[in-house]
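Pasting in a structure now, in structure tokens, and then I'll have a few things to ask.
First chain written, first letter: the chains are A, B and C, and each begins at residue 1.
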Amino acid sequence: MSTAPLRLVTSDDYGVKIANKSSVPSVGSEAQLKSVLASLAGVDAVGLEGRCAKLATRSIKKSTKLAAIDLAISMIDLTTLEGADTPGRVRSLCAKALRPDPRDLTVPSVAAVCVYPDLVTEARSALGNSTVAVASVATAFPSGRASLKVKLLDVTEAVEAGADEIDMVIDRGAFLSGRVGEVFEEIVAVKEACRDAHLKVILETGELVTYDNVRRASWLAMLAGADFIKTSTGKVSVNATTPVALVMLEGVRDFAEATGRLVGVKVAGGIRSTKDAMRYLVLVNETVGSSWLSPDRFRLGASSLLNDLLMQRLKQHRGAYVRADEFSGD
Amino acid sequence: MSDPRLDVRKTYKLLINGAFPRSESGRSYKVLTHDGEFLANVAQGSRKDLRDAVVAARGVQAKWWASTAYNRGQVIYRLAEMAESRRDELASHVAAAEGITVLEATASVGRAIDRIVWYAGWTDKIAQVYGGANPVAGPFFNFSLPTPSGVVGVLVSQESSLEGFVDAVLAPIAVGNTVVAVASELRPTPAVLVGEMSATSDFPAGVLNIITGVTSELALTLASHEDVDGIDLSGVDVEQASELNVSAAGSIKRVYRPKVNDTDPTRRLRAFIETSTVWHTIGQ
Amino acid sequence: MDEQELTNSRLGSLEYDPAPESAGIAHLRPSYGLFIDGKFTDPSSHEQFVSLNPATEEVLATVAQSSREDVDRAVASARHAYDTVWSKTSGAERSKYLFRIARLIQERARELAVVETLDNGKPIRESRDVDVPLSAAHFFYYAGWADKLGYAGFGPHPQPIGVAGQIIPWNFPLLMAAWKLAPALAAGNTCVLKPAETTSLSALLLAEILQQADLPPGVVNIITGDGSSGAALVDHPGVDKIAFTGSTDVGRQIQQRVAPSQKRLTLELGGKGANIVFEDAPIDEMIEGIIDGIFFNQGHVCCAGSRLLVQESIADDVLRRLVRRMEQLRVGDPMDKNTDVGAINSSAQLARIRELSSFGESEGATRYTSNCALPDKGYWFAPTVFANVSQSHRIAREEIFGPVLSVLTFRTPEEAVVKANNTNYGLACGVWSEKGSRTLWVAQRLRAGVIWANTYNKFDPASPFGGVRESGFGREGGRHGLEAYLDV
């Protein structure tokens, strides 16, 4: 009797299988939407956090680390969202975004620069037609507390000023009080106002608090047409965490299998070190795989992270720890 | 033979929230050895210091209780490690404070360290000894869990400068409470040393706070403080204890009064435990 | 979105470079003696046998084969230590010895983890993150009971039994040693420990730690050897209590041999754990839990969730997700920090797993085996799932003790309970559901010593572990774990 194990299915069947038919389930009414969201499986927090803790022990070294660092750099949305932002600040950031290390042109550019709507023009002019996109927050970022009319105008102005990507916030108040239909309709309206710009929907997971809420909000956003779902504004005390990201990655995986549409994930806020970035890449790698390991489908919203990645990159090449002053403080 | 080298003298300060401040009142008082010789000017804590200590104790209590029992045990065991390494220093202070020989004091310190180890081993046993499933007459899973009362004020024994101190503060801490302790008025220095050791033992800031000073000035503040959940009256006499008991009643505090010739070392553990009972239906 | 891209997304496409732990820290000696009376000593026969690294088949060291004479010596040493020293040592002092041992395990954690992985074949991540920390924790936990025995619920002054003979298996060598020694010593007994033949090295390193802790000579003796050493220990009239963890077959034999004597006995034997999944289970965590339940430690776990009982309404989806997840398991060099599944412990065990798995196919179950590449040398078995299994199949009834899962379905909670209980074993089960009342209802009816709800393979020194029926009797861990070592 043969002792070789039989292989009844091939490795091709073991990936995340994305449906060939694009069939977004029609959500005709708030009641239907509520029922779809209620049918989603619950999340066991202990199991979820345990899985993240185990994945955090993955050891990323040598050539994998170098490749992952470059991948992470190319996935960054380099961000400045301060009341004190000026055109000068934005121009410096854009220069850094294009050439993170002017002495080493092998360092990839980042994915995008992320600014407030009234600085989009500046960013656009600084970035020109380069590969670095202009992303703008909109819809009364970060709180989202304004009328729909104001929020849509916010989006329109950003798009007209040249934004390639819009990062909107959902109405957390409406979500938490059960008015999911309102949240849905707002996203649909914003998506329309985006025209050709791609839409990232910020769930503000720190305010949603429970993982079950994050799962439901993720599906709601995807059903409403989001191109990306994003964890946080970075402006509250709890921003991106690996467990929250894992829930969202599971969400985009299952959504892709159900509908054929691939939605991206952006984690933002509190991601400061290369180690943090590596943890997120491991999550992507082991939850959704190759189709998401690209700036088209995964982004890191961060500012100081870039310098840490550059330092780690340099350290790998030089073989010694380097100092922060090697790189610009932009 | 005197050492020609001048020694650096220690300032005995309060322990509040993991830091060692002087009293906000700026006062200190003279502490003498048992033989009447000058030992040190020790900080004379005020009502405000007590208030700050209570704030610190309350601020960290939820987190202390949320850590695992295993972790709490490890922290208390580390205190034993610290105390063991400073055994001689402790012994000389106990001898000076209580007027006993260094040999007797060393034995007392040994017993105190063994007590710390005893408490370290209690943290992950409390639930098994004082909690459990209850066989109610119905389709319910019913279990009782021992939980800490919260912030416990301790008026430490006046006489037993180290062993009494260890018992009084570690019993509530082992069970998950945080403590504001008023040290023995005349014999405070061993307690201050233990405070220093706790700060290097991974005790989170605020779990143990130690206020030195005049007990009669501080006792009433502690007993009447509404954000203190329990009080240990070991350090006051019977009369004062009754008075304090009355003021403690104002916020329905749990009160622990020492028993003469007490043979049960777990009374203190049980004094600051609340039992929380949960029912859960059982059915398809 | 580019519709042309609607292909399979390959999981794990970011390849991880090898991240090997260095073996140098192990400082293995070429040969080891027996640990009797506080010293390492040659076996009377001077016979040694080899201990292999199951991942490479390389010789790690030679280990002493103890004879009847050696067992005699060890028991005599334990008896002497009990009579003259340990029974006169106060609980407070015993407590401090155990705390020392716990601390030393923590201090030498890395060394212990490496030795364990080299000798057993389990991934270094598991030795480092599970085996060694839990071993330290067991000593910490029982250290705290040594001076509190009067509060354990066995009367105010419970006494130890005397000399304990303890025989442990190869699946968690260091942890099983901790599970045996810690409560026995806390309660005041002295011990003669016989590690498993294929995995003696971590126990011998533990012996060094006992020396460093200044544990009085003879309080713990470690006699290595094959089954004959274990039998000699079981039969020895100088032993007051036998504790055995291993297969049900051997446990049966031991119970028979011990029966005519007055020796106390506790047994922790095999299992065929059922992981019961209801349709309202938290899906992703459940998949992790099923995977962990059977592939953790290469499935060499008595309480492994080796049967998946899944509610029929979600069975297809669960199977698909399971197989996808199984395919992602990283099987290979146990010393690589990124390895999930290591080597099978011995060629004998590998043969058993292969044999039983072949029944799965011949009985008509559908086999899914991971496509992972297996190293050329060493003992390896690719993670495998059998679907469409029924309760009458051999693979649903017999303990395989390897990375092989059998999947069965059920329709109602009642049926799940009946199927789960349809076994002579009764060690552990899992229940997956978001409905608490139903989980408790099922738990109440399961014939098992351990029930995990929405989790699996969780161990803690405070939590009693052990089986019912042919999975053994007696509990290890918790207050209950003291009972086996007290004369009550």
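Simple rule for what comes next: contacts are C-beta pairs under 8 Å (C-beta built on N, C-alpha and C of every residue); 3 or more make two chains touch, one makes a residue touch a chain.
Since the structure is predicted, the reported quantities are computational estimates derived from the model, not experimental observations.
> Most C-beta contact pairs, which chains?
Result: the chain pair A-C has the most contacts.
> If you average the C-alpha positions per chain, which one ends up nearest the average over all of them?
Chain nearest the overall C-alpha centroid, as shown: C.
> Could you state the distance in Å from the CA-based centre of chain B to that of chain C?
Chain B and chain C have C-alpha centres separated by 41 Å.
> Centroid from C-alpha atoms only, then distance chain A to chain B, rounded to Å. What do you get?
It comes to 49 Å between the two C-alpha centres.
> With touch defined as at the start, can you tell me which chain B residues reach chain C in the complex?
Residue positions touching the partner: 69-70, 73-74, 77, 114, 117-118, 120-125, 127-129, 141, 266, 280-284.
> Provide the residue numbers of chain A that touch chain C in the complex, in ascending order.
1, 3, 5-20, 22, 41-44, 46-48, 50-51, 57-65, 67-68, 71, 227, 250, 256, 260-262, 281-282, 285-293
> Which residues of chain C touch chain A once you look at their complex with the stated criterion?
Interface residues on the chain C side: 1, 3, 5-17, 19, 125, 129, 280-286, 288-289, 323-324, 327-328, 337-338, 354, 357-358, 361, 366-369, 371, 382, 384, 434, 454-455.
> Touching residues of chain C toward chain B in the complex: what are they?
92, 95-96, 99, 137, 140-141, 143-148, 151-153, 413-414, 436-438, 440-441, 444, 461-462, 478-479
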